[in-house]
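Think of it as A, B, C and D in the order they're written, each chain with its own count starting at 1.
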Amino acid sequence: MQVKIRYFAALRETAGRSDDTLELPAGATVANAREQMAATHPALARLLPVCAVAVNRAYVAADATLTEGDELVFIPPLGGG
Amino acid sequence: MQVKIRYFAALRETAGRSDDTLELPAGATVANAREQMAATHPALARLLPVCAVAVNRAYVAADATLTEGDELVFIPPLGGG
Amino acid sequence: MTDSTQAAESGQANQAATRIIRITREPLDDTTVRALVRQMTQSSDGGIVTFEGVVRDAARGKRVQALEYDAYPEMAEQEMARIADEVALRWGATHIAMLHRIGRMTVGECSVVVVVACPHRAEAFDACRYAIDTLKATVPIWKKEIAEDGEEWVEG
Amino acid sequence: MTDSTQAAESGQANQAATRIIRITREPLDDTTVRALVRQMTQSSDGGIVTFEGVVRDAARGKRVQALEYDAYPEMAEQEMARIADEVALRWGATHIAMLHRIGRMTVGECSVVVVVACPHRAEAFDACRYAIDTLKATVPIWKKEIAEDGEEWVEG
């Protein structure tokens, strides 16, 4: 299945792009996606562990299961205000 | 001795004036002044008991002693804001 | 009227004390409030809290048409300055404006404005709230409610 | 962009909910802030609290030249709307504006503004403070500090 990735802030600058598509096996979790991204983009490996995660614009835990077409966003430490 | 009275808010409207001069014996206190004013202006008698008192722009207690030329103001319940 | 923009002698260029304390008959309109915010905000300030008190249409179950405020102006400004001193001491909040309008105001008009600018927001919130709470408790200002069925000097 | 001015169906004419939630690239300038205050304030409101977050010249011991804010805009507006819902539930504060600017801002420019108008000031203070505190903790917005010696995405 495919999920859509969007990058923001430090992740966007490090990845050098704003979005991406991730090919994952059916039933993959957020944690699986994180591992695969770290392997594919070694530059992101340092940042991903401190990120929260949102799927379809809602915060989720690492064991959340992904579904075809989901929008997956890793959320670096916040700095709003 | 003479002290200067200034009236504000409900006291001003009830007294029908903004200021006054009070003739008091030497050594008179704020409480003495209050009694004399209530006797002289019966319309004020109802208002004076709920008032705080300022002498020369500082809050004082009822037993504070007055001095020639003091500015005495009875302060009705506050409504600022 | 007690306005001052004093350079504090701490050597911190951006920490100059800025204080405006005023009882006024002029409207506290948009232009006035924005000018106060501008005047209070120095380059070291990251959080600005503004409180505006506005005449509202209901109080104590009455329909209010207007309020009329009176003050003992010299003492009121002196008490407001005392509050500003306390706020500076407790929260280091030295950029503060406190203005209270007197006279007659209709619904929607601003009667009081407090602006506090601080490096961080927590101090700005605490200082602004303390300033307006204490103003209401200690500053000699009075309010007459003008409703359809009469007028009355009211507390609070 | 989530703007709504809905008449609440409570029968209380002046209690209509007024909410503006926005991630924007436009400056949060004086005109914008005053317009928000005007839009939030209905005739039942007696206390308006405005928080403005401003780029300041120092952070973590650095001289800051500018900040650059990024956001996940759709989720940020959704989270801000959630905060507005909480504030309405806890304090009955239904007249609330929360705007966060993104892009590059220099010292003195406003990055975030929260306006809350309530019948009484206590609720307006509590609701405004909760809104900005929670925004900082939960809304996906990020900040890059641009100082003389480099740039860095920073927390908080």
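Here is the rule we use: a residue touches a chain if its C-beta (ideal position, glycine included) is under 8 Å from a C-beta of that chain, and two chains touch if they have at least 3 such contacts.
None of the values given here were measured: they were computed from a predicted structure.
Between subunit A and subunit C, the least number of touch steps comes to 2.
The chain with its CA mean position farthest from that of subunit B is A. The mean-CA centres of subunit B and subunit D are about 48 angstrom from one another, to the nearest whole unit.
Chain centres here are Cα means. That of subunit A falls 27 Å from that of subunit D. One simple way to say how far apart two chains are is to compare their mean CA positions; for subunit A and subunit B this gives 73 Å. Under the contact definition stated at the top, the residues of subunit A that touch 2 or more other chains are 81. The set of subunit D residues that touch two or more partner chains comprises 53, 121, 132.
Of all possible chain pairs, those that touch are A-D, B-C, C-D. Contact residues of subunit C toward subunit B in the complex are 53, 69-72, 74-76, 78, 100, 111-112, 132, 135-144, 153-156. Considering their complex, residues 6, 8-10, 12-13, 54, 57-58, 73, 75-81 of subunit A touch subunit D. Every residue of subunit C that touches subunit D in the complex is listed here, in rising order: 14, 30, 33-34, 37-38, 41, 43-58, 107-108, 119, 121, 124-125, 128-129, 132.
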